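Read from first to last, the chains carry the letters A, B, C and D; within each, the first residue is number 1.
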Amino acid sequence: MRKLFSAFLLAAFAATMLTAAAGEKLTIAVSIRSMSSEYHMQYVAGAEAFLKTLPPGTAEIQVLPCESNDDKQINDIKALLASRGKNVILFVDPNNAPNVTAIAEACEDAEVYWVNAWNTPEGITPFLYEYWVHHQSCDGVRQGYDIAVNLFNSFKTPGKGKILVMEGMLANTANADRMKGLRQALAEYPGIEVLDDQAGDWDTKKALNITETWLARYNDIDGIWCASDGMALGIIQALKAKGLNGKVKATGVDGVMDAIDAVGAGDLVCTIANNGWMQGGYGVAYAYAAYTGKISTKTMPARERMFYTNGFLVNAETLPRYRKEFIENVPVYDYNNLEFPIARAMEVE
Amino acid sequence: MSNPAHPDLAASGRVYAGERSRLRDNISRFVSLASIVALLILFTAMNPNFLGAPNIRNLLTDISPILAMSCGVALVLLLGSIDLSMGSIASCSAVMLTLLFGPLGWWAFAAVFLFGVFAGLLNGVLHAKLKVPSFIATLSTQSIWQSAAYIISGGQPLTLVPGNWGYVNWVRAKSLGPLPLGPVPPLFLIALAVMIVYHIYQSRTGTGKTMMALGANERAARLIGLGIDQAKIVAFTLSGIGAAIAGVFFAVKLKSGIPTVGEQYNLIAIASAALGGVALTGGRGHILMVILGVGLITVIQNGMNVVAVDGFWQQIVFGLLVLAAIYMNSDRRRRDLVVK
Amino acid sequence: MDKQGYSSPIAREFAQEMARRNRIERIVGLAPVAILAFLVIVLSLVADGFFSLYNMQSVLSQLSIPLVMSMGLTFVILLGGTDLSGEGLGGFVGSIVVLMVLNTRTNLDWGLWAAVIGVAAGLMVGTISGFIHVYGKMPSFIVTYAMASVMAGFAVLSYRGQPAMSKYEFFITLARGRFLGIPYLTWTALVIFAISYVLQEHTRFGSYVFAIGDNERVAKNTGININRIKILVFAWSGLCIGVAGVLGAIRIGRGEVVIGTGTVFPAITAVVVGGTPLTGGKGGVVHSLIGALIVTVINNGLILLGVNTYYQAAIQGIIIITAVALSVRRGRKVVTK
Amino acid sequence: METHSLLFSASKMAKRYPGTTALNAVELEVRPGEIVGLVGENGAGKSTLLKLIMGIEQPTEGAMAMRGEAYAPRTPIEANGMGVGMVFQEQSLIQNLTVGQNVFFGLEASYVRCGFLDKRRMYEDTRKILGEIGIDYIRPDKKVSNLDFATRQMVEIAKVFSVVTRRNAGGNLILLDEPTSVLNRSEVDNLFDNMRRMAAGGNSVIFVSHRLDEVLDVSDRIYVFKDGRNAALLDRKDANEAILYEKMVGKTVSGEYYKEDRQAVPGDEVLLEARNLGRRGFFGGVNLKLRRGEVVGVCGSIGSGKEDLCAVVCGDESYTAGELVVKGRVERFASPRQALKAGVLSIPKERREEGIIAEAPIYENIAMSNFRAFRRFGCVSARLERENARRRVDELSIRTPGINQSVGFLSGGNAQKVVFARILSSDADVLVLNHPTRGVDVGAKEEIYSLIRDITASGKGMILLGDTLDECIGLASRIIVMKDGLVTREFDAPAGAKPEQLEIVKYMV
């Protein structure tokens, strides 16, 4: 009996860790890769900003970190849907594009409104599903292209030079899109020669190790194309160790605070602030609007169901404007104006 | 041990103190059952939907891939060895399945099964014949199959094109022909079948019994005339098959072939088998009990979402619950038991 | 009685047989050093820039974290156990250290005290793991696996999703500075190696660890307090993980949980490839130094050769399995688990 | 050297294990500065007595005294504290530590300054200790794993000597259990000089060896043990090998005990033949023929190679010379499994470590050597296993609460019967019995002997390593005597015309 008692005791201990108890209150769920990803936590901050605009007590936020485990993401979402009945809305940044189908089917069965950010496989669109409110994304391919072009033009002789390529996690959708953009840029700039291509797995210390080894092998590098801010910060550490920061140009994506400072310091040519706050805030706003019936997926215009949002390319020139608009005075979004985040419609090929 | 050092001392240490009937063995099994029941009661108290039909279906679906892997690794743990390559074998299988539906149709499942056999066989031969410690052998084959997954998929996460959905829609079937399944998903039935087949193989065939025997006392098993190398190779092969089946489950469930989908499941599968009463030092354990360990871990993971454990606290609560469950499961009665 | 005083030709053959087996044992013991030499020679011929001063220095600084982790792990593996807690504990220590020095998020500035507190935290968690493993009679594999998850959670909780950037001057110089051509980080790692060597060779603790690993019952019968030694071993492993976490934070200048991820299995591989078998009782910290060098050189070499990223993992796996297969005793009766 | 007070005395010492009596009312006295020899056949209780003196095991009855005070050690450390040290047959040195670390293992306190071990001073003291027994040519910083067997033995002796003389140089007791089995002549002489020097220093030595010539060479008085009892106490001057043999062997037990009348006449079909069989370093030049229904006894002392011969025949070891022919085919077994396929199966000596799977239930253990026989539709059917187990348990009268019981819980005798049941359930017809009645109670021994008769009657052949010489003679129809790896003599032992133990012992020792 002693064992059974201690089992129950232990379970009660687990209960103390819990916060919200279930109830009719609306749950705003945000399914992301991990709590330690600064960019993904911007979604959560955006959702909280939206929550403030609602009368207090109508909803609470629940974050579902999947620790880059695709199967866990779908399991967490299904567990949430099964336990909240109808009063839940969902913002998802899928760990990998192909999982969107399973998420869509789960939400369809549970009749729960949800929005998707960043990745979706070809042919899988909100138009196929009634409860999939919208798919928003920055244009990963164009971002890969933009940072590449920015990098090439920052060289002593713009458009000519030797670069190294630091990929993210192999076989990961975000990485695949940005690499596609880079390849487009390379096609347009024949003068650029790629010395080597390695994968840093979005991990700062791996990027640092790789860069250190690169610097031992190549000494006439003009720039390093890097697929994320996290890895870029590792690259900068390696460059600083050899006093090459600023001389060897580097790029990043995500607009993480430290990366913005690095652009200011001249160590980073450019990064793209994807403005997770706006993506998270408006994503949840759309889902909430559908949930309250303000909008209906049947009558929404196509451009509101699949659209690109603008990333803010932060480089030396645009930095002051970015600081003014986003850092000095944090933007206050009017979540009723659902048109605001739409940069341009996503053409469905 | 490397040196026998005066067996009299060693022998006196190994005297089995007092009467240890097999019932006492079973008590530890019921403990993991008790901890599951305790958690079920608690989570349902906090959110009644936890035991609702949809969430039962979720629980059973989530259990399936881990169960297939855990039954496989349980056989390897019975040997006293370990298998760290299951994650990559599963990822590789998921990628292969997604690609092979086009050319092979329903035969894609068979092809992936054969891949599982080959991958497991490779581990078994490396360990049994080359005498490489299983930790290193399977850690190395893990990176080999991880590379294979990248190469086959061309570095892209593969989507199961809608054209091939026909092969996977059975996953969402609510009934098996005339028989209504209710909350039991088809995946779970397959996983149960795998568990039962592995249990029967382990407990009722010569090679299976040899696995348990050599895990308890390899020297004696050898002298009794049991096929040591054969049992090891078969154990690793079955573990490879379990991993491949888990890979198929991932691909079919997520409708995708992601080359890193199985990465995190190595340690979860081993922890589940250990929670199911399988000793990591070999020779003790029961395949049918592995489902208790898997069930416990799945209930914890699923429950934390149902009762809305704060995102920051999920990993902490998971670790503490695993520690508590293992504590209740550990065999503290036998003073002479050396726990590494 | 023949000339050497053996009672029969058989006895003389037996002595020769034993001498032969000893020779083989010693040669097999040297396999890791040979493998390291082979790798260095091949790479210096094939990969240009391998032997350059800068690359040697970067190899040395990349060596620091796996070497420190493998020091703690060597003693754990000598006991026949495992310690996976580094995956979470390393990140935890790294995160809290950056939050305590001059950084972008908090207004604390405790300077070097932060590193001391971090390492002390590692030591404490290691002791707790040891305590649970010994008195809970629970396999060290599972205890440290669960502890890794708990500490990873606390790491992320410490900076609540906003990793801090360290602006502490001393850490920056530590990350880049060199003394006699060797990076400061590597000096720290070598200090930990030296301490471990002294612990292993020049203290009672060291010989007791070998004894317990070799045959736990013999050790128990000679009256040494086995539980205390085991807890000390896990405490030392926790301390080493703490130091690795601090070094990780210094190197990337940020405090986040990723400092610890993916550090444990390469460290275990280094220990085993170095020549300390997982069943314990043999090997030591010097072997692990060689093992850590092998693992670091392989990674460094693969990047220098510009090997396609998809193939790197496979090549690494094949090299490691060959290295271990070469240095394994085959014998009919040898039981390898 | 006659001094009235005794250094060590043990009276009415008894040690009973469940079912067997290893020692019964044993008396032993050792005067200071004396070397006492202890001889007796295998299983006569010599090692058990040493274990009681060393505190490894506690006596069932009896009392011991050391320097006049009561002495009842519970652990070897306590015994060391009281000045009693023992050199074990199997070495207890830690392979990976250096000689110095081993000699001072557990006793490093005096060399530790603020946590650090002063290795230099420790190694100097080690060199002195090694010097005391004349082996200071061994470097204290050398790893034990790099030393050869003989050197390790000498280091072990040096260690015990240093531990024992730690408190006071004289008045200690050192137990040596078969120390000379791996030493060559010069090393043995060196050992004897050290023993004499120890004795001269007021210490006493109990020297156990199966080599009677050595015991006679070094001992002042010699105790002879037989079946766990004092058989004789002889002064050195009135003892010689012949008397010792006679005392050791005592009256030959009546043939009826070994069921001699049921000794089968061997058939003419040769089941197994060894032609000049040998294994480098262990044994050589063995020729033997085993016919159906015949028991071939192999006698010899420890280290005579008889155990390695068994290991080769049953496939546990490979052979490097000669041929092993089983049922007419030359075989080279890679594993005991292949040997079993050819019909050869062994009963190992270490029952608990090598003969049974302790955690598995009885019915599984019995069926383990022949799963195929219990197969129904491809699976091993538990019902058939249990049926067979029930039959065997009754047949061999195994005392057990039930057939589901883990074998680990049975007494020595019953566990051995389970092993026999396993052998019978397999269809092997050449059985290699390695000390089948070792550590088994007298009642069970008799049952095993009649069991052996039944087995040979059913046409199976057996190679037997008798637990005692007497057993070998009683059961076997042919006897081969081995010494130091070579066959020294062969005897025919038909029922009724058994050779005398005396004749055989001459070739054994």
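What we mean here is this: a residue touches a chain if its C-beta (ideal position, glycine included) is under 8 Å from a C-beta of that chain, and two chains touch if they have at least 3 such contacts.
Nothing here was measured: the structure is a model prediction, and the numbers come from that model.
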Shortest walk length in steps over touching chains, chain A through to chain D: 2
Third chains touching both chain D and chain B: C
Pair joined by more contacting C-beta pairs (A-B or A-C): A-B
Of all other chains, the one whose Cα centre sits farthest from chain B: D
Distance between the centres, which are taken as Cα means, of chain B and chain A, whole angstrom: 33
Geometric centre distance via CA averages, chain C-chain A, whole Å: 35
Euclidean distance of C-alpha centroids - chain B vs chain C, Å: 28
For chain C paired with chain D, centre-to-centre distance based on mean C-alpha positions, whole Å: 43
Residues of chain A engaged with two or more neighbouring chains: 35, 170
Junction residues of chain B, two or more chains touched: 2-3, 5-6, 9, 150, 155, 219, 222, 312-317, 320
Junction residues of chain C - those touching two or more other chains: 156, 160, 214-215, 218, 221, 281-282, 309-310, 333
Chain contact graph, described as a line, ring, star, complete graph or other shape: other
Chain pairs in mutual contact under the definition given at the outset: A-B, A-C, B-C, B-D, C-D
Chain C contact footprint on chain B (complex, rising order): 1-3, 5-6, 9-10, 13, 79-81, 126-127, 130-137, 139-144, 146-148, 150-151, 155, 218-219, 222, 267, 270-271, 274, 279-282, 312-320, 322-323, 326-327, 330-332, 337-340
Complex interface listing, chain A residues touching chain C: 34-38, 40-41, 44, 167, 170, 195-199, 203-206, 208-210, 212-218, 230, 233-234, 237, 240-242, 257-258, 261
Chain D-facing residues of chain C, complex: 1, 4-11, 13-19, 22, 25-26, 198, 201-204, 207, 210-211, 214-215, 218, 221-224, 281-284, 332-333
For the chain B and chain D complex, residues of the former touching the latter: 2-9, 11-12, 14, 16, 19-22, 200, 204-206, 209, 212-213, 216-217, 219-228, 283-284
Touching residues on chain B, where the partner in the complex is chain A: 31, 34-35, 38-39, 41-42, 46-47, 49-50, 52, 54-55, 57-58, 61-62, 65, 149-150, 153, 155-162, 172, 250, 253-261, 263-265, 301-303, 305-317, 320-321, 324, 328
